[in-house]
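After this come two complexes, each holding subunit A, first together with subunit B and then together with subunit C.
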Partner chain A sequence: MNLAHWFSLWRLSPQSLKIGSVILLFWLLVAVVGAVWTPYGYSQLGAGLPLSGVSWDHPFGIDQLGRDVLSRVLYGAHIVILLALAGTSLGVVVGALIGLVTAYIGGWLDEVVQRFAEAFISIPFLVLALLVIALAGPDLSGDPILIVIVVAFVYTPRIARMARAAALDIITRDFVTIAKLRGESAWSVVWRELLPNTTGTLLVEFSLRAGYAPALVGSLGFLGFGIKPPIPEWGLMISENRALILAQPITVIGPGMALASLIVGLNMFTEGLARILGRTVRLGEQ
Partner chain B sequence: MIPTTNSVIAVEQLDFSYRTSGQWISVLKGVSIHINKGEVLGLVGESGCGKSTLAYTLLSYLRSNARIDNGKVFFGSKNLLALERSELDQLRGVQISFVPQNPTTALSPHIRVGQQISEVLVQHKFLTDAKVIAERVQELFSVVELPDSGALMLRYPHQLSGGQQQRVCIAMALACDPNLLILDEPTTGLDVTTQSQIIALLIRLRKQIGMAMLYVTHDLGVLAQIADRVGVMYAGHMVEVAPVDTLFEGPRHPYTQGLIGSVPDVDVRKNLSQSLRGLLERDKLPEGCPFQPRCEHADVTCQNTVQYLENVSDNHQVACQHWKSIDPGVPVDSTDLARLSVVGDRQLLKFDNVSLSYTTKSLLNAVLGSPVIPVVRRVSLSLQTSETLALVGESGSGKSTIVKAAAGILSPITGSIEFDESGLSGDVKHRTSEQRKNIQFIFQNPDASLNPRSSIEQILSRPLAMFFGYTGSELQKAIDNSLDSVRLDSSYRTRYPDELSGGERQRVAIARALVAKPKLLLCDEILSALDVSVQANIIALLRQLQSENEIAMLFISHDLAVVRNLAHKVAVLYDGELMETGQVEALFSPPFHPYTHVLLLAVPSIYNRHTTSVPARTEIVGTAAGKGCSFAGRCPWQLGELCTQEDPPWRENGQSNWIRCHHPLDELLRRSTWHVQPQPPEKLG
Partner chain C sequence: MTVWRLVIGRVFTALLTLWLVSIIVFAAVEVLPGDVAGRILGRNATPESLAALRLKLNLDAPAIERYWDWFRGVLQGDFGSALTSKRPVSQILADRVVNTLILSGAAFLLYIPLALIPALIQAVRRDRPVDHGLSIVTLLLLSTPDFLLATFLLITFVIFIPVFPAVSVVTAASTLFQWMSALALPAVTLAVVMAVYAVRMLRDNLIEVLDSDYIRMAELKGMSARRVLLRHALPNSLIPTLNITALNLGYLIGGVVIIERVFAFPGFGGLLVDSVQVLDIPMIEATVLLSAVVYIIANLFADVGAILLNPRLRKG
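Our next item is the complex of A and B:
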């Protein structure tokens, strides 16, 4: 894989993948830089006069407590991205495991797990997330680990169903029969035969879910069930500054735009990736 | 060279390319061919040689990634390639029509077959009167020998058998009385008996209607039955064109000779391994003759000299500069018979009165009292060590089901299976590790039986690690040895299945089975997805491996020619019951079981041309499963009530052959008409 190869790959890739990856790279850069350096401290009070408006020093304005909103957005980037990715990763690993194993074993276990998954899928995202937070109790409220678990919990049944559907197609292939006749354990068949052949599907599923995860994290923050202040999680910032929406709209629009562009970027990237993978998967089967 | 006015269609210097991953790949190079009025031209070649592409070009049908670089296709005085879409619409389906390979996908599943044919009439003949249309459809049905009752016209495609579907496709192609019929492998997916009926139909239609045909196939035997002239293609080049008899008796091109030599034949047992060496490597084609890298007669000049078709005689052309110095004909080497391995004296596998069913005995069935009808009924088989037993029969006869029971995928509902002097469970979970090691399965399609995400090394190392616990250098050595045993070098270790050709993949699948050092190899149609030259190599390989390692094989094949060249013993199955079983030579000589007889008559042979005889009727006059002879409904010599009501007895024919029939053996002997050719000629031609 030399430079020319990558260049030609880039040239052939769909437009959405190009735009998406540019946005995504930008936010990853911001996340890395923002974690160590911002113009002002993210919780530094008195960075400017509250409600002093947009200026070169404070492009996103100053919030009620006198904090620089841009610095808070930059610092918050890595928090939003980390929470979203960690939650999605956990959901994909657990969901894939459940989906693949139940698909292979089949029988009543498969039936029972499927019905549970359907029950959970029928509950809307946010309601399910709030339910889990309520069950976890007030002690854990605001803990980043809880947020990760909530995101994972919401995604797991959906991913399990996708993984199961992909695996059912693979299970009928002869190489799985050969492995079975050889006396391989269920675990070995899942690990060696099923997982490698479903990675394409799972990868697309991962990036699709990762695209929605910031929205979920943001919504929880907005409702006050997410990360606790003063950590500048974007949803939380929108919630904090919503009283200023008429007086100084930029303090809400700033983090709102950040969240929106991250989600759009992730989605475009995913869509492009899915198209490339879909193509190679089809070519491989011919 | 503008062909004579006698030709229906003429292709001139056609160059054709496909675009794949941004590159134009040449598929046809300088192909010229013509078809005379009322003539059947056969096109033959191995997969990827461009024969289907040429057929589609005669319809001026291009896929979106295709390009015609050069050349003309004259239909009458018109160049088809220069016509507008609207002009083509007036020709295609009217004067030139097409019969596709797979009728299941060619017919629209949600439209009644009668209506699908009438659509053609409405579109091209502008018929509007429903009564006229219905009459014409009736007429077409009787032309293709479908029962012309109205009921069949109202059926949906899935309610017809494969042969009936193909007849509907042919009827559709004939709807507007075309001058040229293009058939792309029209019998490839069909059973051999159905195939022979379709071919007989086409021969009759041609006599009646006198239309020209282009018949594309990979099967030389089929061409021997139907074609007047044959064009042989290799890597996009037309390498030889000759009348069918000349082609089989005196082929001039080294590729044609190798191809004919590779085809196993039901009439002759011959050595298949000598024929074609190497493989077609598309990315390494020389400037000149495409066959040069694999040719025995090639010299330095072949590599750079473009070969053109030269006249050998009036209508025999060959594209080889050395044709004058090459002996015409195909050497037949029958010494190979001695190479069949010696059968061991110990019984390895025994099926005792085994019945098999896919329906599980559920509670619901038990309550409703609905009987489970087994797909395989009371089958008894035995197999010695180092012996090959072939299971033969049409699709649905239960061949695969029997092998599944031996593999441990399906448990017998009655009867027992014995392996190596101990009982064998029908469920692989209840088998010992030793039994699992000793019974290995090779599937039909290597694309599906190799994990596409595993390297060859990973594929081979798994059974080695499981059965022998090899690790480290021991494992590496065993992998190298197993690749070597199937004639692949160790550079294949790091490659993935999609980087291999079909034949190489099947070799890897065989290697995976062999690393376990099995005593019994189950082979489910392992040759049918492969080209003939590859098939010949694999047959030779299997024979050699069998005698080296003393492996017994349970070998499923629909191809009687392969069976005759590979098996020691044969079992003929019909609808889940054994009809005849015995040593291969005894089975291929009279007396025959009526079903064996029907099968043998249906196999096209290149040594016995133009003798398609239409075998027995195909419509099955219902016999209740499990009662009487299951073949009774189709048997040409049925004895009325006796056959449908009573189980036929097993009759012993000599020492090694048993026939299950109500007819006495002398009666069967008297009725057998299949020619028997005891010795192949020294040399054909």
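Our next item is the complex of A and C:
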């Protein structure tokens, strides 16, 4: 595709997709730059006078320990985005695999897996996440890998249910029957027939789930079960600076706006994507 | 009667799911590698403390036997005794659950008008500035995580417009006014989070219904716009919203976990967070199971409600 083609594609895409993409590109850029360069070090003490408020040098103020809040927000971007994307990707891959395979195989295995998925879904999001964290024990607490696994674990049954429903719709079609008659293996049918035909659903689902993942990661950080200090994960920063909201509300509003705007971008992108692919999506679904 | 067969089938599925949740909650503790006692004590473990804890949790008995003992207790409302305070779990839970029920009730009462009014305005003023404005507002609120919304509300109302207390301290001796002001911010936060999710759905449903032939018919009959909207369009858009409301109730149970922490409200959610912090396994098992029970019952009511309200399903 050449440049003109991309340009016309952009012009024809829904407004929400355009705005969402711009916000997401902004945050991706911030994540890349913030990972290697920030005005002050993210854990640099004495970047300014503690609690000295908003100034040109420190637009988001200075926290209790004298760290520059803007630098911490910028450095935290890649952490929040990486955790959210890694967790969502793992959840979508595992969930899609379970959903597609059980839908194709059917029978008692499908029934059992579906019942268990239902049971996992009936444990509220955050409660399930906390259960996994509790069971991992204190030694793993704060490990980024654990956070990724928690996000993936919470999403897997929901994705599996979605993928199964989408696959069931495809399985009855003639081309799947023909593939079976050709003697293709179960794996080959799932990989070559079911997966390509459920890609749209899975993409929208990925985008939707990725939109909630930063909130989940932030919630865990806020409760003290996420990434450990001094790493500036946004939820953790909001929780740390909450003690200062009377004196320095900006130290909470700064990371708060960062988190909210990232999720706004993801949600608008999801809405636009769903519209292009002709699917309905319920934003905010947990 | 086909409809009752549907309802009974749905109740049976709910019970099955509930039983599976109890297995998941119990098995989760078992399947992870390593010894439960060792995991609870972590690096502070000594051979003596490990042995004492193993005895306390009866870890030397086979897992199936322990599950059966636990499950039989749960059916009778006995969740064992907490590891930390040594009081019965059900006793500790009782007070907290009542507080959370009051909070959830308040949130739910606020939720209904907060969901209905903006959706009605948007549907009637479709594609006008009001509709677009409200769409942007709901998108922004939808994208603000609950703990952040709570914190923003806290900043606004406690610092800039100081009317509510930052921390909800309520005891049995608190007056009604103290209860009301302690409940206000957490209940508003929960209600807003639930409402924005429902508003978008309800708006789209209303618009779809308002475009239908029987609404056109009612309008042509000369019925007042208000009566068309409230008597004909609204009831028909509510059935899909029932499902959303059940999902919202499920959210509510998870939402209180974090909202109670933000406002230091002494409820069930705070208890779960504390139990996770100290790895109080009987408490964790009880709280997780209880939150799943609420979700399952809410969904059961929504599904049965949808079956009973839908004349097409009723005829079967």
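Worth a mention:
FYI, the second predicted complex is superposed on the first by the 278 of 286 C-alpha atoms of A that agree within 3 Å, B and C clash if a C-alpha of one lies under 4 Å from a C-alpha of the other, contacts with A are read in each partner's own complex, and residues count from 1 in each chain.
Here, a contact is a pair of C-beta atoms (placed from the backbone, for glycine too) under 8 Å apart; a residue touches a chain by one contact, two chains touch by 3 or more.
Since the structure is predicted, the reported quantities are computational estimates derived from the model, not experimental observations.
Using the contact criterion defined above for the overlaid structures, shared-chain residue A:D139 touches subunit C, although it does not reach subunit B.
When both complexes are overlaid on chain A, the residue A:I238 reaches subunit C alone and has no touch with subunit B.
By the touch criterion defined above, A:L3 lies against neither subunit B nor subunit C after alignment on the C-alpha atoms of chain A. When the two structures are aligned on the shared chain, A:P124 is found in touch with subunit C, with no touch to subunit B.
Contact with subunit B, but none with subunit C, is seen for A:R192 once the two complexes are overlaid on the shared chain. By the touch criterion defined above, A:L246 reaches subunit C but does not reach subunit B. Residue contacts after overlaying the shared chain place A:T177 against subunit B, while subunit C stays out of touching range. Of the two partner chains placed by superposition, A:V36 touches none, neither subunit B nor subunit C. Judged by the number of subunit A residues each one touches, C leads among subunit B and subunit C.
In the superposition on the C-alpha atoms of chain A, the part of subunit A touched by subunit B in one complex and by subunit C in the other spans residues 284.
Every residue of subunit A that touches subunit C in the complex is listed here, in rising order: 115-116, 118-120, 122-128, 130-139, 211, 214-215, 218-219, 222-225, 235, 238, 242, 245-246, 249, 252-253, 256, 259-260, 263-264, 266-268, 282-286. Touching subunit B in their complex are the following residues of subunit A: 12, 173-175, 177-184, 192-193, 196-197, 199, 284.
Contact residues of subunit B toward subunit A in the complex are 22, 407-409, 428, 431, 433, 436, 439, 441, 443, 445, 448-454, 458, 462-463, 466-467, 498, 512. The touching residues of subunit C, counted against subunit A in their complex, run 16-18, 20-21, 23-25, 28-29, 32, 34, 39-40, 42-43, 139-140, 142-148, 151-152, 154-155, 158-159, 196-197, 200-201, 244, 247, 250-251, 253-255, 257-258, 261, 272-273, 275-277, 279, 284, 287-288, 291-292, 295-296, 299.
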